[in-house]
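For reference, the structure I am asking about is given below.
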Amino acid sequence: MTKIKIKNLEFKNPLVLASGTFSFGDKFISVANQMGGIVTKGITLKPRMGNPSPRIYETASGILNSVGLENPGVDKFCTNILPELKSLKTNLIVNISGNSPQEFKALAQRLDDTEIDALEINISCPNIRDCNKMIGRDPKQTYKVVRAVRKQTKKIIITKLTANFIDPLITAQAANDAGTDAICLINTLYGIALDTKTGKPFLGGVTGGLSGPAIKPFALYCVWYVASRIKLPIIGCGGIVSAQDVKEYLLAGSKLVEIGSANLRNPYAGLEILKELNRLRG
Amino acid sequence: MIRKQAVVYGKEEIGPGIYSMWLKCPQIARTAKPGQFVQIAVNDSYEPFLSRPLSIADTTNNTIRIIYRVIGKGTEILKAKKDGETLLILGPLGKAITPVKNKNIVLCAGGLGIAPLLYLAKNLKKNNNLILFYGARNESELILLKEFKPLCDKIFLSTDDGSKGRKGFVTDILFSAHDILANAYCLYIAGPSEMIKKISNYKFRLSHLKLFGFLEERMGCGCGICFGCAVKKRGNGYLRVCTDGPVFDLSKVAL
Amino acid sequence: MTKIKIKNLEFKNPLVLASGTFSFGDKFISVANQMGGIVTKGITLKPRMGNPSPRIYETASGILNSVGLENPGVDKFCTNILPELKSLKTNLIVNISGNSPQEFKALAQRLDDTEIDALEINISCPNIRDCNKMIGRDPKQTYKVVRAVRKQTKKIIITKLTANFIDPLITAQAANDAGTDAICLINTLYGIALDTKTGKPFLGGVTGGLSGPAIKPFALYCVWYVASRIKLPIIGCGGIVSAQDVKEYLLAGSKLVEIGSANLRNPYAGLEILKELNRLRG
Amino acid sequence: MIRKQAVVYGKEEIGPGIYSMWLKCPQIARTAKPGQFVQIAVNDSYEPFLSRPLSIADTTNNTIRIIYRVIGKGTEILKAKKDGETLLILGPLGKAITPVKNKNIVLCAGGLGIAPLLYLAKNLKKNNNLILFYGARNESELILLKEFKPLCDKIFLSTDDGSKGRKGFVTDILFSAHDILANAYCLYIAGPSEMIKKISNYKFRLSHLKLFGFLEERMGCGCGICFGCAVKKRGNGYLRVCTDGPVFDLSKVAL
């Protein structure tokens, strides 16, 4: 295998475990250690309780989740969780979420002198109250957020984009202009499920994010479409469950891939996909 | 915790649409404890996508037993499994129940809640006195009675239609058994969430009585990595059913 | 059942067969007759051959198609096909596709004195050469097209919107301002499949449109989101395969639904869903 | 055309990973003609979503026979079907082959292409003379030979590995049989698209010889409503494999 790098950060293989689907990297460490990298659950400035139950709803070849960024906040993350992650033998990428450039700046600042390997700017979480306020749907806001983080840190920055109701090429360009080192495409799609018995939304968070094999053809399209139009390392994400899927994403132009929902079905999915990928490559 | 291919055997229909089967999987069987569960990937395709959580209803040295009601896609596929076929299972999952000694313990089951209580009862039997309150829709759904007979000092039954035991809900017979509860150390409750909630919110006026509930919630991973299975803490925040439970001290959660 | 109407056009039930999935209404007539309506395959001003094979690729709980608007053109449609449809006992909705307001105007003109019941303006087909030229991704173009058709015809106009890379509420508003009588949400999502053996796109048309149960949670979200923000009859579409799905769409705020991919799996799907819907309603 | 639940029976593995099964479905069986196919919904769930096209390889009064190679999700599910289980099938689909009389007819099969030719051969046998050219990967994949023996005047075989018949491709033995072709009225070709293409583009220098190919294409509906199964016309535009074919006069299509 040729070396995979984003700037000076090397990945031992193209597989990264996606945010929100592998805790903070503190569980199944033997799996995490063999991956190219692991992205933590989204961290916010203040602690967040997350949404009420139910948070998971199964759909055709996919899942809706409305976890809602449950996390202890950046301070507790740094003091309680990060020390546990010291022994991780893989790239540790911290996924950060906020409502404004200021919040993102503060998050980056707090994490700057920790030993993490990269930041993933999450401006694409669909589990926010007003879907129209998603930063990743606004190229100007996207620019501002990435710029604020870029000014604050020398760490690798990955900007995680949405393809909900916005052309991701436009926000990719904004993130590029603001100095991101890579982009991740895509976060979950908007989704909802209604309970036909009660007439009400099924999920505690009302709407949710759609992920899993169901979204793969669309997510792959986004990667293929953006990759052919912009020079920026892309981390493909969406519906990967097999080594074949990984190969498709690499063909589409992504440098790395993130594996999300597959971990929910099977926490060893990353390992199994890696083994199969190595086998296919002979 | 481990993920292994397990071989199905001894599948039987033990009630209307209710199946029992054994899964041969020594590594899981040997470490399993009452209160725990497994996640079963019902097929190799990705539809349904998620694994299914099912309680460990019993174990032998090499095998675990599961008991399930067929309600949807996943359990339909389980029902179609034949002896000798395999299933990928992840487990044991969740917290083990801490064993106690020399106590009077009350078990209260509604419907399929009886499944995890079987394994618990077998475990507690040796060193404690057990009393079971058990309700189901009708007589044919009162499963596992023969197995509980030798384990319990007393068994009180109810059915919604009165076809066996007292007519009504199991909570009716439980709440009217004040003397038994007054002498009990704790109460293990498994069944529909409405039932657990009702008992949890009931004014027993028995401050010593500990209430433990087997909670169910929609799960993503079943193993603590997705934060999908939230149950509200008393006070603020959430606990995870899959790693903080599934059995909870009900004084700690807000149902 | 209460009467379902768009303006003065009555539908005997909420089920409509979606464009491109039931030929021109000339096949399985006994099925079509029992539906609330049937939408023809997309018609263009000039004949179109469509894309090379393969045109269909199966994905997880869905399909990608790159049929590419194969049709004989509006003239042949009017002279050769329409006469055959005279005896249809359901609402006949003609799906029209074009590259400019002028083309749409000409299509509407040509169809204006035929006996069809409604026009569905398709500005959302993903099978066009440059995905960024999709009219339905531009609210101004959307306005112009709908306006051009509105000026030309008194027939019921349904505008079929996309949710690819655009907030469909914005285009719904544009279509509303231009005088559409209803909107249909959603057309297929962008998608691609790559052949890992050859490294090339699998579909003859390179990219395709993603449909089927896979997209349902997202499509339902679009309907729910737009329905609560605009007063305009909505026809929900995306991944409907059962009466439960139909109920969810009606709960989400759609007045009618269109059944698409389900017809490919089973040309009697519409009938079976109708039976089940009637049974559920008792 | 009709869509009906058909009962599976007589399933057997007739080659490595190649299965034959009968589907009881009188309405379809009675109207089926050579050249036609059925669409099979392999399961009730929606994954895989589409029905699978399979040729009608034979019929009796009440049943049709299908022969398939297990290659993916759909055929895996078919392989797991047991006698007595049911499948929803739509058919008969496609154009029937027009029967002829008193002709020398050559059949040319590659691999599983032999399946639809069986039904055709049974039909043409009475009134015509049949000669079969048949190639497969190796001897074990040369299926149905016993059934073809009584139907054909001559059978020429080839295998890729030479384990039976001539070593090489079936096109090699076909193209070297100029005398047979010179006396033949037409050639029916079924097999991999590359093979059909090769034969279609071959300069036979026999202007009288009609070539008919059994074409396969990815299908959506199989019944003419989705325009998914395009094959290029000679000249401009496309034909539909499912309603204009699947058997085409190869002078009409551009492969």
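Order of writing sets the chain letters: A, B, C and D. Residues in each chain are counted from 1.
Everything below uses one rule, namely that a residue touches a chain if its C-beta (ideal position, glycine included) is under 8 Å from a C-beta of that chain, and two chains touch if they have at least 3 such contacts.
The structure displayed is predicted, hence computed values, not measured ones.
K.L.:
Going by the touch criterion stated earlier, list every chain that contacts chain C and also contacts chain D.
P.N.:
Output, common partners of chain C and chain D: A, B.
K.L.:
Can you work out the whole-Å distance between the CA centroids of chain B and chain D?
P.N.:
54
K.L.:
Between chain A and chain D, what is the gap in Å from one C-alpha centre to the other?
P.N.:
Distance between chain centres: 48 Å.
K.L.:
Go ahead and note the Å separation of the Cα centroids belonging to chain A and chain C.
P.N.:
33
K.L.:
What residues in chain A touch two or more of the other chains?
P.N.:
Within chain A, the residues that touch at least two other chains are 60-62, 212-213.
K.L.:
Name the residues of chain B that each touch 2 or more other chains.
P.N.:
Only 46-47 qualify.
K.L.:
Looking at which chains touch which, would you call it a line, ring, star, complete or other?
P.N.:
If you draw each chain as a dot and join those that touch, every dot ends up joined to every other.
K.L.:
Name, in rising order, each residue of chain B that touches chain C in their complex.
P.N.:
On the chain B side, the touching residues are 46-47.
K.L.:
Please name which positions on chain C make contact with chain D in the complex.
P.N.:
Residues of chain C touching chain D: 20-23, 27-28, 41, 49-58, 60-63, 65, 67, 70, 204, 212-213, 241, 261, 263-268.
K.L.:
What residues on chain A touch chain D, complex-wise?
P.N.:
60-61
K.L.:
Can you check the complex and tell me which residues of chain C touch chain A?
P.N.:
Touch residues, chain C against chain A: 59-62, 64, 131-132, 137, 163, 165-168, 189-194, 196, 199, 207-208, 210, 212-218, 220-222, 224-225, 239, 244, 247-248, 251-252.
K.L.:
Could you please specify the touching residues of chain B with respect to chain A in the complex?
P.N.:
Against chain A, the touching part of chain B is residues 3, 41, 46-51, 88, 90, 217-221, 223-232, 236-238.
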